[in-house]
Amino acid sequence: MAQLLEIKNLHVGFRTFEGELKVLNGVDMVIGEGEKVGLVGETGCGKTTTVKSVLRVLPTPPARITGGEIFYRGKDILKMKPGEIRSLRRGEMSAIFQDPLAALNPVFTVGHQLRDVIKYSSRARHGKHLSKKEIRDRSIAVLKETGMPDSERILSNYPVQLSGGMRQRVCISEALSAAARLLMADEPTTNLDVTIQAQILRRLNELVAKRRPSILLISHSLGVVRNLTERVYIMYAGNIVEVARTKDLFADPSHPYTKALLKTVPKLTGEGISQGIPGRIPNYLNPPEGCRFHPRCGHAMPICKKERPALFILGDSHKVACFLYRR
Amino acid sequence: MSRKELLVGALSRKRASFSKGWYKFSRNPLSVVGLIVLFSVILAAVIAPYITPYPEHAGAFTNFRESSLSPSLTHFFGTDTVGRDIFTRVIFGYRFSLVLAVVVLGLSTPPGVILGLIAGYYQRRRIEIAIMRITDIFLAVPPLVLALAITVMLSPNLFNQMMAISLMWWPWYCRLVYSITRSLRHEYFVREAELTGASKAHILLREILPNCIAPILTKITLDMGFVITVGASLSFIGLGVQPPRPGLGTMVADGAKRLPAEWWMAIFPALAIVIVILAFNLVGDGLRDMFAVEEV
Amino acid sequence: MTVEGLRKFFFTKQGTVRAVDNISFSVKRGEICGLVGESGSGKTTVAHTLVGIYEPTGGRVFFKGQSISRVFSQRAKSLKKDIRIVFQDPGSSLNPRRSIKQILELPLKVHRISSNSDRMERVKELLRMVELPPEDYMYKYPQAIGGGEKQMVAIARALASNPSFVVLDEPTSALDVSVQAKIINLLMQLRQSLNLTYLFITHDLSLMRNIASRVVIMYLGKISEVAPTVEFFQNPFHPYTKMLLSSIPAVSDEEENLKPKEVILRGEIPSPVNVPPGCSFHLRCPQKMDICSRVDPTIVEVTKGHSVRCHLFSDRREPT
């Protein structure tokens, strides 16, 4: 599979009053064509920052990309001109974020917003100008695909008139229309009810199978990621700590953080709640030397405090950033 | 912990938050410029008698031999029609303007804020309706007309001018605080205080008011400029500081008659007004940035 | 705490919102009762009514044998001390302009729990109880601490007045799993050591499985099923319950096997202004019968402690 997206050693920092927050500390990620990849990490680990860096929508006064490259189909996004990036965002990659109400413009109808997306994306992608009728037909079609009931009527509704699930379906429609190749979903169902979440995730699965964009699903919920992805990255404090095929990750979690994370999820089997992970996420002003997880790790060795572990190869597509696994 | 330790702890915390506030303020260099200008103006006004070349000109003084002189090294801003040094009079004029601004805002803000808190908190009751309708009435009257009417009814002088302007200024604060209080009224932390059983006074003054301080302070700084303008307008039509005392508006009015030949008589006082208003506005901007609440 | 026929309606221009419509359940001392429901189920309204933010439109609430169906402004101070709530959103439950010390002092001051000099000590004690070192946290402001820590402060604040009953409204829904684990463990310990009773509201069934002794499921303002925890998960009755259980994102094959199979997920929750006639769930129910669109079922106790509100079961046993 050709590599659609390749993030190499990405470093991102934020300037504040107290100093520079060194958030992303060398992120490496690869997404192939038509692949479904998950990114799991807790709040503050840098997942959203990563997505925004790829889309180049980081607010660059406080934020700074201090190192690394992001290759999209072979070209470095970080070196592209604004015009090039804009056409990428219009036709090839898009994102869905956590709060659909914040992502939709409250004073325009759904139909209007969808129309804009479709119009610009088709222009960017094929140079084609679609007629009004074609755009409207496509809007209804894409909404139907996301499982929206009564798609035709919805076009004339305003976002506030819709429920959370429906709003998110609108956002997904917009993203699908704009994203021919890469769809990044940042916690798309966290704010929704559990039954709606299950429905939407199922739909997303079907849609991706049909249209074949690559999808990067970001969540702090391991369960959500397990059902939708082929490979999973686990992120902690600005570093990728483990990556594996989904099956392998859940069957054989290797990194101490991954193991601890899996343990803290409350389970239907009724085993009780684990103790949680001792300590807190590090202060990005003064992150720990070496492996950023070592202050909280039960297996910390002296080398962990000095050097940052690279991603050691464990098996087929299974890599861990931990000195316990160095050969 | 001993009292001394508590005090030292509190002071160091205050210092820490102050330096953080300064950092945010100084992000915008213009605000710092505004602050410097403002300090200079205030300082100048306070020590006016000591820094002006001709302090006696700020009162009844005539020297017709030196009248209508254009700006020079001896008279930076020139002299007016009766021979008084305009520079001196501008600095003294600042005194009146600044006193006006401080007094008006000091008088009108507290009642406006308190009424706004009460009206915003007690919703759907007669108090809210009463307060807000009264506020609406005051806001409906064109401000200058109101101030005019009052000043004319009483005799025109600085004191009455201050009273008149105060009377038309408080409703703005009432409205500002009212809208903030209304939006905060249903927040969880207010609910929590109510559920705990805190007194209404505590809720209004200790829970809601601190969240209003930032917009209030910002508004006060910006309003200072406005009040000075209004005061100058009133003086311009003769209802403010009476001659021979130097009011900036009065000076502009007198000087206007002499334009364009003896331009310095009007331009410099007008410039002085503009500078102080601009300085207040810039500082207001900086304050707004300083108070922005950031999340980690 | 006993709730009998509780109703809370909101009268708006768009219609009457039947947020809570005839709910009855009780919580025994020392137990953790889980209240589960999705948006629009009315669970938050129930919580707010119990605490006194709302006055019931109908029905009654009893606490320690006394009727307390009144708004907080009309409740006795001792009641305000005894029943406390931890809100869902840590961001807005702490005043951003007050330091943590000030926030924790308020209940102490209002209820005159300690004298001025002891108050400082008590605040420190409270912080230590939730495992936040007092020296670091006392003078901080809410913006400077993370979501999990904010919730711990909210919990400390709730416990400041030595209550016996605490309502926890989705305390961990906005937080990461590892933080959630910490807080839940803390809550369990505190319940033991301080002899508390919890009404725990959440939409997370996996969480309920591990901490609640009984589970109450709400849908659109009515109770749809009540059961002791183990029984509930092994043998769910109501179709809605099965839908909920099958939507849980599982983390292992073991868990997957515990979920009900072959459940069709359909539809969305209707607005509480437009409650469907008959059984409010019938539009989405895969096992709908003719009677379901006409008649609203009553709650029936099918096995001991396990009640359902569904026509599929109304032929068994007498109504409760």
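Read from first to last, the chains carry the letters A, B and C; within each, the first residue is number 1.
FYI, contacts are C-beta pairs under 8 Å (C-beta built on N, C-alpha and C of every residue); 3 or more make two chains touch, one makes a residue touch a chain.
The shown structure was predicted, so the numbers you read here are calculated from the model rather than taken from an experiment.
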Among line, ring, star, complete and other, the chain contact graph is complete
One chain pair leads in contact pairs, namely A-C
Dist(centroid_CA(chain A), centroid_CA(chain C)) in Å evaluates to 31
Chain A and chain B have mean C-alpha positions lying a whole-number Å distance apart equal to 50
In chain C, the residues touching two or more other chains are 146
As the complex stands, chain A meets chain C at residues 42-44, 163-166, 193-199, 201-202, 220-224, 226-227, 250, 260-262, 264-277, 280-281
Interface with chain A, chain C side, in the complex: residues 38-39, 146-147, 175-182, 184-185, 188, 203-207, 209-211, 229-230, 233, 243-244, 246-252, 254-255, 258-259, 265-266, 268-269
The answer for chain C against chain B in the complex is residues 51-53, 72-73, 77, 80-81, 84-85, 87, 89, 92-98, 106-107, 110-111, 120, 139, 143-146, 157, 161
The residues of chain B that touch chain C in their complex are 1, 9, 13, 187-198, 202, 206-207, 210-211, 213, 293-296
So, in the complex, the side of chain A touching chain B is made of residues 17
